[in-house]
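First comes the structure, then the notes that go with it.
The letters A, B, C and D name the chains in turn, as written, and every chain counts its residues from 1.
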Amino acid sequence: MADVENGEALPSIEIARKVLAAQPFSALLGARLVAFGDGKATLELDIRDDLRQQNGFLHGGVLAYAADNALTFAAGTVAGANLVTSGFTIDYLRPAVGATLRARAHVVRAGRTRVVCQCELSTVGPDGLETLCAVAQGTIAVPVSS
Amino acid sequence: MADVENGEALPSIEIARKVLAAQPFSALLGARLVAFGDGKATLELDIRDDLRQQNGFLHGGVLAYAADNALTFAAGTVAGANLVTSGFTIDYLRPAVGATLRARAHVVRAGRTRVVCQCELSTVGPDGLETLCAVAQGTIAVPVSS
Amino acid sequence: MADVENGEALPSIEIARKVLAAQPFSALLGARLVAFGDGKATLELDIRDDLRQQNGFLHGGVLAYAADNALTFAAGTVAGANLVTSGFTIDYLRPAVGATLRARAHVVRAGRTRVVCQCELSTVGPDGLETLCAVAQGTIAVPVSS
Amino acid sequence: MADVENGEALPSIEIARKVLAAQPFSALLGARLVAFGDGKATLELDIRDDLRQQNGFLHGGVLAYAADNALTFAAGTVAGANLVTSGFTIDYLRPAVGATLRARAHVVRAGRTRVVCQCELSTVGPDGLETLCAVAQGTIAVPVSS
């Protein structure tokens, strides 16, 4: 099993799902971790009515939540479970409508103290087709033991 | 009453609160609009247990939601209620702990087609003292009638 | 020839190179437009000694310039030559060393009033191998005729 | 004299000016450090003709350079001279015209491993009046000795 630099084993998807389950806010939103490994993580959630804004679209705050969390889980695949999100940028592309939100994030560069990731946020229609509705880029800090 | 360029009257705090109340996701999170006018808007929400992450801190996704919404409401004070968030950047400064989250946003520059705003996100302790825990900067698009 | 929505023909690489040549700052830095079309643009410049910072690496400001300009030219391939950069985010990944800087940008989503693009900034070694040293994401405004 | 956590003395404005002078790219652009201390740094440069874009305005890349460098120098006032810019976001507000560009940056939060700063970029007219033309927010990494 691959190890991170400090000797901690890289988390499995089972471990990562326990972390997600331990986040009450992720439980409130119904987020699911559907892929995790090799620098990539995918989160999904059902677009429930209570996640919308005033025009019936998915609220931008839900997209921002999904971006934040997917970016951090992607970093977790290469840098361990004990990470802190430093910050991120999100650009909204079109109103988010559909049954499911899918956030796919991947590592762009994993350094010793921080990991830069990008994320594509799409809605998935009943036919399985994805419509890209936002993109995000962020930095996750790797705690330094000293 | 001041008018925006297209002749629409600027929204009052009562109108803005109706917009917030019409956002199911804001209702889910318990967000309140406590100030609105003159290029500034302040949102607050109680830091409930179901808004936390796995270490007991307020989830970054809640901070991102509050930044997104406060930035857009601040823009609304000068550009009308019919706005679309283009995107924003958030930098987390420290773990968010406390009883209340307060997001204060202000307009930096209102152009004809977009408004740039900044936001300070603080937690408020029982003594009323604020601790800054994140800052955000974003752009809100003003729909063009054409 | 494809047309943009307002009837203006999309610029050719020859037109785009004239725009670049008309930017005195791009001339000062020696930027070249090496690809332009179909939602993509690539800028290159030689990493001259007068473009470095105090440790001998390419200055971050040069990377930021290249990101800004490549993002805008990529948008220009789909939205015409008359564009205004709204803003962008850049994350530095590693020190930039090498003979040439290459900035590849592509359109993520072209809307009616704004275009969102991403850019990869790499240095190119004598063997032609690229080393990714920064990534950027930005928004370019399409002027509205009214 | 105040010390940073690792025992290194905080740099004086004289030391900081030597760092700036050691950046060939800053020399090429004619940047001057006019204030430095207590969490704040101000850079200025003359808006020469060779720093413009095709419409006669200051090139966005010059604004981005000034933001990058001012953010890093502001961080340097509290975290020492040996810093690395992680990344930043810039939003352009209006075309930059005038005789001088002034970039004022300040520390928002200085942590042990990274410093978050904001920057206001203004042009200065012959009467000394400032016109805000861009705002930036960025993160500077503090190297960890380990």
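Please note the rule applied: a residue touches a chain if its C-beta (ideal position, glycine included) is under 8 Å from a C-beta of that chain, and two chains touch if they have at least 3 such contacts.
None of the values given here were measured: they were computed from a predicted structure.
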| item | value |
| --- | --- |
| Contact-richer chain pair (by C-beta pairs counted) among B-C and B-D | B-D |
| Mean-CA-position distance for chain D and chain B (Å) | 28 |
| For chain C paired with chain D, centre-to-centre distance based on mean C-alpha positions, whole Å | 22 |
| Euclidean distance of C-alpha centroids - chain B vs chain C, Å | 32 |
| Sites on chain D at which at least two other chains make contact | 86-87, 89, 91, 116, 139 |
| Touch-based graph of the chains, sorted into line, ring, star, complete or other | complete |
| Interface residues, chain C side, partner chain B - complex | 86-87, 89, 113-114, 116, 139, 141, 144-146 |
| Touching residues on chain A, where the partner in the complex is chain C | 89, 91, 93-94, 108-109, 111, 116, 118, 132, 135, 137, 139 |
| Residue ranges of chain C in contact with chain D within the complex | 19, 22-29, 49-54, 59-62, 64-69, 84-92 |
